[in-house]
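Following are the structures in question.
Below, subunit A partners subunit B and then partners subunit C, in two separate complexes.
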Partner chain A sequence: MTQVIARKEFIEMLRDGRVRWTGGIVLVLLAVAFLTGWTRHHELTRQHSAAQEATRKHWLTQGKKNPHSAAHYGIYAFKPKLPLAVLDTGTEPYTGVAVWLEAHKQNEFKYRPAQDATILARFGELTAAAVMQLLIPLLIIIMTFGAFAGEREQGTLRQLLSLGVPARRLALGKALGLLAGLGVYLVPAVLLGAGAILFASGTVESAASAPRAIWLALAYLLYFFTFAAIGLSVSAWARTPRLSLIALIGFWIVNCLVAPRAAVDLVKAVRPTPTAFDFAQNIAADLAGGDGHATPAARAKQLEARVLKQYGVSKLEDLPVSFAGISLQDGEEHGNAVFDRRYGELWDAFDSQNQMRNWIAIAAPLLAIRPVSMGMSGTDTAHHRDFATAAETYRRDLNRRMNDELRDHGKGKDFGHLVGDDFWSQVPDFHYIAPDASWAVRNHAVPFLLLLTSAVAAGILCYRTASRLRIE
Partner chain B sequence: MLEAIALSKTYGAHTALHPLDLKIEPGEVYCLLGANGAGKTTTINLFLNFVEPTAGQAKIAGLDVTKQSIESKKHVAYIPETVMLYRNLTGLENLEYFTALAGVEKYSEAQLRGFLRDAGLPQQAEDKRVGVYSKGMRQKVGIAIAMAKKAGALLLDEPTSGLDPKASNEFSELLKRMSGDGVAILMATHDLFRAKECGTRVGIMKQGRMVASLSTSEIGHADLERLYLQHMHD
Partner chain C sequence: MLRNIIRYDLKNLLAERSIQAVAALFALLLAYGLWNGIRWNEHRRTTIESVRKEQQQRLAALPGRIAQAPSQGLPAFLDPRMPSVAGGREATPYLILPPQPLSGLSVGQSDLYPFYLRASTQSASNILSADEIENPDNLLIGRFDLSFVLVYLFPLLILALSYNILSAEKEQGTLALTLSQPVSLGRLMLGKIASRAAVLLALAIGASAAAAAATGAPVLSVPFALWLAVLLVYAAFWFALAVFVNLLGKGSAVNAVLLSAVWVSLTMVVPSALHMLAGSLYPVPSRVEMIQAMREASREATAKGSTLMARYLEDHPELTPGGSSTVNAADAASRSLAVQEETERLMAPVLGRFDRQLEGQRAILQRLQYLSPAVLAQGAMNSLAGSGPERFEHFRTQTVGFLGRWRAHFARLVLAARMLTPADVERLPRFVYADEDPGAVVARVALSWLGIFIPSAVIVLLSWMRMSRTRIVSA
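This part shows the complex of A and B:
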């Protein structure tokens, strides 16, 4: 009986012009999103690897120079794109993907497309993630709003129940029919998406991302399931399909338009982060001794006394090593302590904002699927932080190597020690490997659990409302 | 086959149906007559368990319709005033769907088409979507659904309203055939002529009360009309 109901629902859905149009538009938009995602991904990856190669080549062939000059010359590090980034660009347009690693400073990331974007960018880029998060729920609403309410208005519900069809069987059949109807649009979408990922990143890298893809798919299925169950529940509850549609569109607006905006404002008000300007000012002030430590001049005096004592000499000129190297490294270390503290504070503030936003997701599943989607795609703040930390570690190592070289091979106040290409090649290249899927899942355990909870809750709601099906 | 025992329904202060006792045996056609709001549809809805009785019992084939709601419906077919169908499915698909859900034996396509023809649906309409059907055609699909269910009891709520005289006459013939097959039929109607024609008994209802119940063989058409009007004027 369930099968008969499911089949009839499926046939009706295929013949319903509203579903066909909405589904068709969603598919076209998804195809466009995949296509742009693929070309963007392909192009950016190519540009990044070319730039990465160029920056390394420049480093290796910079010729004879002082190591500290080389540290100022610096290198660029590019955050590699994971295959699933085709689907979800995440925070990358805002946080940037490239950082210049140089002496003295932990730099902000560069290449932030959002900086160059027009006001239109506020509507968000057309990514597959946006289509899946915003438009597929709309398709599900179009498919479900009349499921019971439509039959109630048409009078066929009366006819069905007069036949002795149990309401739960009816609901189950309708859910299965809906599943098949959704499949008509989702299966080609998944194939298109897999194609886009494979074309953009190649089979080897794509296969390595399979665990991430499975978690991503699971999260989206939970998200869609929640909408489907809510759609069926509202349809079972509402007297007319019109009321059902209004209620569901209302929920969609809250979930997709109001909640994300409200969450941003609320989180910003409760857990504020410093502005970029204040952040830079704070670091500058700390470096100048504003953090309670000595001023740079006083520290230089102390260091000088300490080094003279250590080597048992009375003048810097008599040192067997270069004081410049020691002093530069001392400056680095002081700077690093400041960066660690200030960046640590900033990252922790972002984390606490994310956590707070996670909890708002109880009311709006979009706020739960968004971080999970970005996280699995490797484009969330956690991945950004992981990359930034790796790049900073590399920068510090690079600077230490330069300063040590200067210290060990120079003498006294000597600053003029020169090295050549064979030294540059001793510095290892910057290699970054993104964390694995389980790391990403652990980062988003809370939104994952919320997605699961809302799916289960919506399922129970659906079961309950369908069991108490009213005829009129 | 159909039995009401002190069956009543009240909505707040309003009594839609005063305690009703009624028994319809297999082969009987019981016609409920009365003005709108007399309690005819309430009675049928109570048998279908669409509304909960305030007191009393409705039984189909000996099964209490509230306690054995799903089971009791296996023994009854229902044709409302306007048969409601799925507009995006064809007449044949609608019949196939409803018979499958009725849980009766699996019919072949030819058998299903046979039911539609027996119900009087034009053959070329069978594969057209119901969205383009006239009311009469929908009604015929409803009749086919009821016939295909082969239930022991039939509940009809003004099934012939809006049908042309020919279709209405065919419908009467069908009812006679079904009662001949031993089906117990309860039909709410405004059509005195039809009631006398194919009913075996008639009951006149007024403001939720059964005011008269008699066998059609005892009374002529003119007398029935006089009796009816007399009750309506009281």
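This part shows the complex of A and C:
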């Protein structure tokens, strides 16, 4: 009997013009989003690898120079993209694409792609993720709002129940029919998406991101399930299809529109971040000794005394090494401590803003699926931070190598000490490997659990409302 | 008669619980948007204040430091008398884009572009790439400001109150009864729309006025009047759409589906599809390529080194030091000037490509924005709040001009091998932002307004033509 109900529901859904239209549009949009996502991904990946090669080449062929001049010349680090970024560009348009790794200071990422776009960018990017997060729930609403309420209004619900069909069976049948109907639209979409990713990045890279893709798919299934269960419950509860539709669209609006933006301003008010001006002022003050450490002049004195003692000599001229190299490295280390603290605070503030926003996901599942989707696609703030940290570690190593060279071989010449291309090639290339899927999942454990919780809660709600089905 | 309908309908509306809830919700959303706008405005104001304070303190102390410098024996790169040190760091002013009176009403693009920059003798493209610090997640989602409430949520509330103005009466069977009175269908609908508009517009206008007043903007001003005009025509569009859909003679649920679909298309799908279209037709190259080109250019310029100096002086005869002093071509400071100029010359075509592509995208937007009243309304509100891309472009142009003057000022000192004196601090170039021509803003907003008005008028006309054919009883 469940089968009969499911089949009826499925066929009705296929014949329903509203579902056909919405479903068709959603599919077309998904296809377009995949296609443009793929082209853009392809182009950006090409540019990134070309740029990474070029910056290395510039470094290797910079000619005869003092190591410290080379550190000032520095290199650029360009953030690579994971294959799944085809689906979800995430925060990429709003994080800079590159960072300059130079002597003395940790720089910020520059050039946010959204700055090179029109105001349309702020209406949202048409990515596969946006279609799945915003439009597929709408499709589900259109599929479900009349499931019970429609039969109730037409009076067929009374007939059905009078025939002795158990309400739970009816609900199960309808749910299965809905699932099949949704499958008609989602299965081609999933195949399309998998194809797009495979094409964008080749099989090896795609295979590496398979665990990420599986987690991603799981998260979206939970998200869709939540909407389907809520849709069925509201339809079972509402007296008329009109009321059911209005309630569901209301929920959709809160979920997709109101909650995310409201959360942004709320978390900003609760956990403010410094302005770029204050941030720079604080770092400058810390570097000048405002953080309780000695001032630069006093620090230089201490360093001098320490080095003289270490080498057992009484004058800098008697040192077997170049003091300039030691002093530069000391400056680097002082700076590094300051950068660690200030940038650490900033990233932590971003992180706690994001965590806070996660908890609001209890009321709006979009706030849970969005970070998970970005996290699995490698386009969230955590991945950005991971790359920034890797780049900064490389910068510090690079500077240390330059300063050590100056210290060990620059005796007597200091800034007149020149080295050539064979020395530059001793510095390893910057090579970044993105963290694996389990790291990304751990990062988003809270939204994942919230997705699961809301799916379970919506399932229970659906079961309970459907088993106490009112006829009128 | 019309007055009676409005009065009766208004009474009816105000007594209904669901309408009270919708109105209360709208008031709440507006208040939240208002509060966020006030906070944003305050944030900008205090930031600019502290930036100004830092500059003032630094510049006030500078003459004294310059006077003391000869006795301190500082290394050249720390000596504030050196033109390169003063022009690069010690004497540099901030270039400030002050908030406009209505800036609290629409954050727009202003969280994406810097509203203060620190001048220096560096290349302009380097200075302009400075960013304000912001959590990328927050930028991605966007702010809950008044314009968000008005562009996205206001239409939804309009549709929520009017998706069934006719269909409900038809379903209840009261429509035929009402129309048996001496009242036309057109007049009845007008009355119903007017009463709903009165409730929602009173709230929207009240919130806008409160926001303007709270951020210190004059309520009786041209920009605010235009703001209201945009608000009114945007509301008219959505009301007209609701009327038209009601006249199609379908049931309330169908109306709700249809209107939601139109809303989703116009506020979400069309804008992001246009964004994609503009990006595909005029792809802005990734800045990754620009960085690469910049490195190449500066390498090339550095390699040419001192040979550039002669050409530099040819290009700048006004900088050629007169009298007995000759330029020391080997002098690091003067050579770096020439190298920098050469780098910028080499970079100009690359940067031009970015500007041209972006220009192309804007041109497409100019033409295709008429497909979505939401895009038009948002654009107009951003323009009035001074948070649109045009004002930033305006600021950028002036910044580039000022930076050129700033660099030339110090180039003259460098080439003359002159050190700064305490009195020189007074004579440094100053930056004062000259705002956009108000006429240009009005023209832009007027075009957007027309872009919303014309389709609204067409829909009203179509509704009018449909009215006689509408069945007043359910089939």
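The rule is short, and it goes like this: the second predicted complex is superposed on the first by the 465 of 472 C-alpha atoms of A that agree within 3 Å, B and C clash if a C-alpha of one lies under 4 Å from a C-alpha of the other, contacts with A are read in each partner's own complex, and residues count from 1 in each chain.
The working rule: a contact is a pair of C-beta atoms (placed from the backbone, for glycine too) under 8 Å apart; a residue touches a chain by one contact, two chains touch by 3 or more.
The structure displayed is predicted, hence computed values, not measured ones.
Once subunit A is used to superpose the two complexes, subunit B occupies space next to subunit C without a clash. Look at A:Arg158: by the touch rule set out above, it reaches subunit B but stays clear of subunit C.
The angle formed at subunit A by the C-alpha centres of subunit B and subunit C is 90 degrees to the nearest 10. Judged by the touch definition given at the top, the superposed model places A:Leu328 against neither subunit B nor subunit C. Using the contact criterion defined above for the overlaid structures, shared-chain residue A:Ala368 touches neither subunit B nor subunit C, since it reaches no partner.
Touching more residues of subunit A than its counterpart among subunit B and subunit C is C. In the superposition on chain A, A:Gln281 contacts subunit C only, with no contact to subunit B. The gap separating subunit B from subunit C at its narrowest, counted between C-alpha atoms of the superposed chains, is 13 angstrom. Touching subunit A in their complex are the following residues of subunit B: 48, 50, 69-74, 76-78, 80, 82-89, 93, 97-98, 100-103, 145, 149, 155. Considering their complex, residues 18, 22, 25, 29, 32, 36, 39-40, 43-44, 47-48, 50-51, 54-55, 58, 76, 78, 90-91, 93-98, 108, 110-126, 130, 134-135, 138, 142, 145-146, 240-242, 245-246, 249, 253, 257-258, 260-265, 267-269, 273-279, 281, 346, 349-350, 353-354, 357, 371, 380-381, 384 of subunit A touch subunit C.
Those residues of subunit C whose C-beta lies close enough to touch subunit A in the complex are 29, 32, 36, 39, 43, 47, 50-51, 54, 108-109, 112-114, 116, 129-144, 148, 152-153, 156, 160, 164, 251-253, 256-257, 260-261, 264, 267-269, 271-276, 278-280, 283-292, 295-296, 299, 354, 358, 361-362, 365, 374-375, 378-379, 382, 388-389. Interface residues of subunit A, counted against subunit B in their complex, comprise 1, 4-5, 8, 11-12, 15-16, 154-156, 158-166, 471.
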